[in-house]
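Handing you this structure, nothing more for now.
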Amino acid sequence: MRTLNRVLEGIGSTILLLLRSVAYLPTLPRQFGRFVEQCYLIGYTTLPIVAILSFFIGSVLALQSGYAAQNLGPKQFIGLLVGLTMARELGPVMVAVLLTGRVGSAIAAELASMKVYQEIDALETMNIPPARMLVMPRLAATLFMMPVLTIIADLVGWFGGAIIAKYTSFIAIEPASYFATMRQYMDFDDVLNGLIKAEVFGFVIVLVCCNIGLNTRGGPREIGAAVTRAVVASLILILVLDYFVTKALM
Amino acid sequence: MNNPQQAARVGLFFLLGVALTWVTFETLSGGKILKDDGYRLIAGFETLKELKVGDEVRMAGVKIGDVAHTRLAGRRAEAVLRIASSVKIKSDAHASIIMAGLIGSNYIGIDLGSANAPDLPPGAEIQTRSTPDLNSVMTQIGEMGKKLEAALGNLGGALSGDGQGGPGLLQKVDLLVTENRENLSKATANLQEITAKVNRGEGTLGRMINDPSLHDDLVASIAEIKAGATEAKTFLANAQSIVDEVKAGKGAIGALVFDQKAGDDLKASIANLRAVSDKIAQDEGTLGKLLSDDSILRDAQAIMKKADRALDGMDDTGPITAVGVIANGLF
Amino acid sequence: MADPQTTRNPFTDAESQAVGVEIHDLSKRFGQVEVLKQISFSVAPGEIFVLMGPSGSGKSVLLKHIVALEKPTSGRVLVDGREAASEEIRETVRMALVFQAGALFNSMSVYDNLALYPREHRVTNEQGIREKVMRALQILSLENAHQKYPSELSGGMKKRVAIARALVMEPQLMLYDEPTSELDPVMSATISEIIATLKEQYHVTSIVVSHDRELALNIADRVGILMGGRLVFLGPPAELAQPKDPRVADFLNPRIDLQNPRFKQLET
């Protein structure tokens, strides 16, 4: 019952924070510096891990489907399989998970620490709403960077799959035929679908992590607890949202 | 906070993302025939079977469009086809639903039509042909099976006579034979006479069959082949010994590999072998019938196989060929 | 330059902007613990009010109510005659609170900490902000620390930065939570001078939570003493010389009695 109460409270405060942040959107031009800084943290510094992980996910997708298709025949469809899975599902989900781990946790920790050390209170007394200065630039930067990260993840994953498909002895299909099936049976809509998903995931993750950070109460110990809560909530939300967004986009 | 380098990196990063998205878009849309919206044709079918929106429309195997949507129109099903503007379809072309795979990927195939027929205008209706799908083929086979069963049942009845339809077929045959006994025995006698003549060597057929010299000739030629084969055998044995020497490291390989003459000799003897084998190949029919000695045939076959392999190796001229021969001998 | 009395007036038309504070029957409980019990007093515009009391008596909580960081369980807190927690007050009255722990922005340099408020509220251009910030740093002898980060500062320096940050805000109502507790006697005296100058020259209302008797006796217009969540004394500093309440007397002039220590009295 208390957990349910906490969840409802969380949802409510998240929505309020969302509304407040959106209301501060017009201040974005004069917070351009902060926006760029957040873009840098959310996008640029997350790129290496996104590239590495998506390469291996694409590879393992090709490997597993190649293994499964050994006795099936049309192995060039591995290209289509990797392409679709990466673009529609694993690309956005993986980027979202990495965003949670790398950015969401950092946001929760930073805002929780600001709250615990009364920096948030100081902002309030200065009549600088935290939603304007701390949340809105992060949300905008996330919306700006998620598609970039996701398209890179997609492409790196595709190429990872292509390389594995060529050099694995029991698959051994040429990149040309690997990509041909992708080109023939995939649409840009599939990629777009993934990009939209990534936007939704990124936005929700950052919003939730901000909210959990800002609502931290107590001492420094609570910073760690806030990070844990933020990461768990984000991961759950990714998977739950994934289902609904997939459904909505069908 | 306003680090210009940071801003530059973010800007570059974003541009990279935009560029990659654009490339992806171009690549994935580039594979599509329909850059524009094309034009529409309507194809009416009794049933669309497994056809779905988005399935391909192909002409002579080439993708020219897709199924824009499907609908039920009165007593028939209609598929609206989106055809690339650059493709013109003749008015006497037919569309049919074709199943590409067992897992239900279908497409609409349109034939070329006749060259001088007018083109179909956008929005027109294309003629269709219904093709049986797997299910209907199965049901048809099932029905055929039933019919066959019924027919066999009838036949059984007809043969034995069921008492209602008069005498059965076999009974009728019996009657026929009894009635024509005299004629039949005459015909049999004639036949006997002809066979006797053949046996005696009369007539062309008889001679063919009865002349012993012809057989002797053939046996002689087989002997020749056999001799040739023996020669080839010894040659190969020689080659084998060379190979063995090579294997044994006696250094003969240098001579053989770089001796043009040895190569040419080899080539000539292989050519002889081939001529012989060609003869055999031409007379294959007779040979097959007349060869009583299976071992000769087997020998010849084995030789020819080896010779073939050796000849393959001889295709390239020059000293290298010798290496080919050796290599072939090795394996 | 370092003397605030000779600096240009950083506040515009301060006289008309002085605000008063009224507290009516303020009670606050955290869960089962009642921290403030029916407190009532008022601070006139331009007055220096010093709030004293043992630690844990609720002084910081009381200050937070004035800047609307805490909401009363019951009672009212009025700033300039209006509800302290209202949006109106937030928008129209400049209040600054010097937090007990400083509450500096740890991710920003000292300079950016000070410059944040004028930048966010676009008080003036970057050049004007620079002048204001450097002047505030000079007043508190911090001009060499402006590029440092809070983690590189000592406790006393942090407190001075917090005060400087409040000064840059050019507040009408200034709240200090133990501004001198970690400072050396000279710096404590400087802080007292700053508070007094702000009052005299710019008519700033100040509420100072402090245990510093020197500060209270020298600059306070009135003193309040909070004990166990209740206001046990309210009057001019002169009255502190002969307090009627024995608890207040003991608080102000604690005798160190080695024969009969206080913690032993508690045990019996």
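We just call them A, B and C in the order they show up, numbering each chain from 1.
As a convention for this text, contacts are C-beta pairs under 8 Å (C-beta built on N, C-alpha and C of every residue); 3 or more make two chains touch, one makes a residue touch a chain.
It should be emphasised that the depicted structure is a prediction, and the values quoted were computed from it without experimental measurement.
In terms of which chains touch, the assembly is arranged as an unbranched chain of neighbours.
When chain centres are defined as mean Cα coordinates, B lies farthest from chain A.
For the pair chain A and chain C, the distance between mean C-alpha positions equals 44 Å.
Inter-chain centre distance (chain A to chain B, centres taken as mean C-alpha positions): 53 Å. Centres computed as Cα averages put chain B at a distance of 97 Å from chain C.
Counting only residues that touch two or more partner chains, chain B has 1. Among the residues of chain A, none is in touch with two or more other chains. Under the contact definition stated at the top, not a single residue of chain C touches 2 or more other chains. Note for the complex: chain A touches chain B at residues 33-34, 36-37, 39-40, 43-44, 47, 144-145, 147-149, 151-152, 154-155, 182-184, 186-188, 190-191, 195. Taken in their complex, chain C has these residues touching chain A: 64, 67-69, 90-91, 95-97, 99, 101, 103-107, 116-117, 120-122, 169.
Residues of chain A that touch chain C in their complex: 30, 110, 113-114, 117-119, 121-122, 124-128, 133.
Chain contact summary for the complex, chain B toward chain A: residues 1-3, 6-7, 9-10, 13-14, 16-18, 20-21, 24-25, 27-32.
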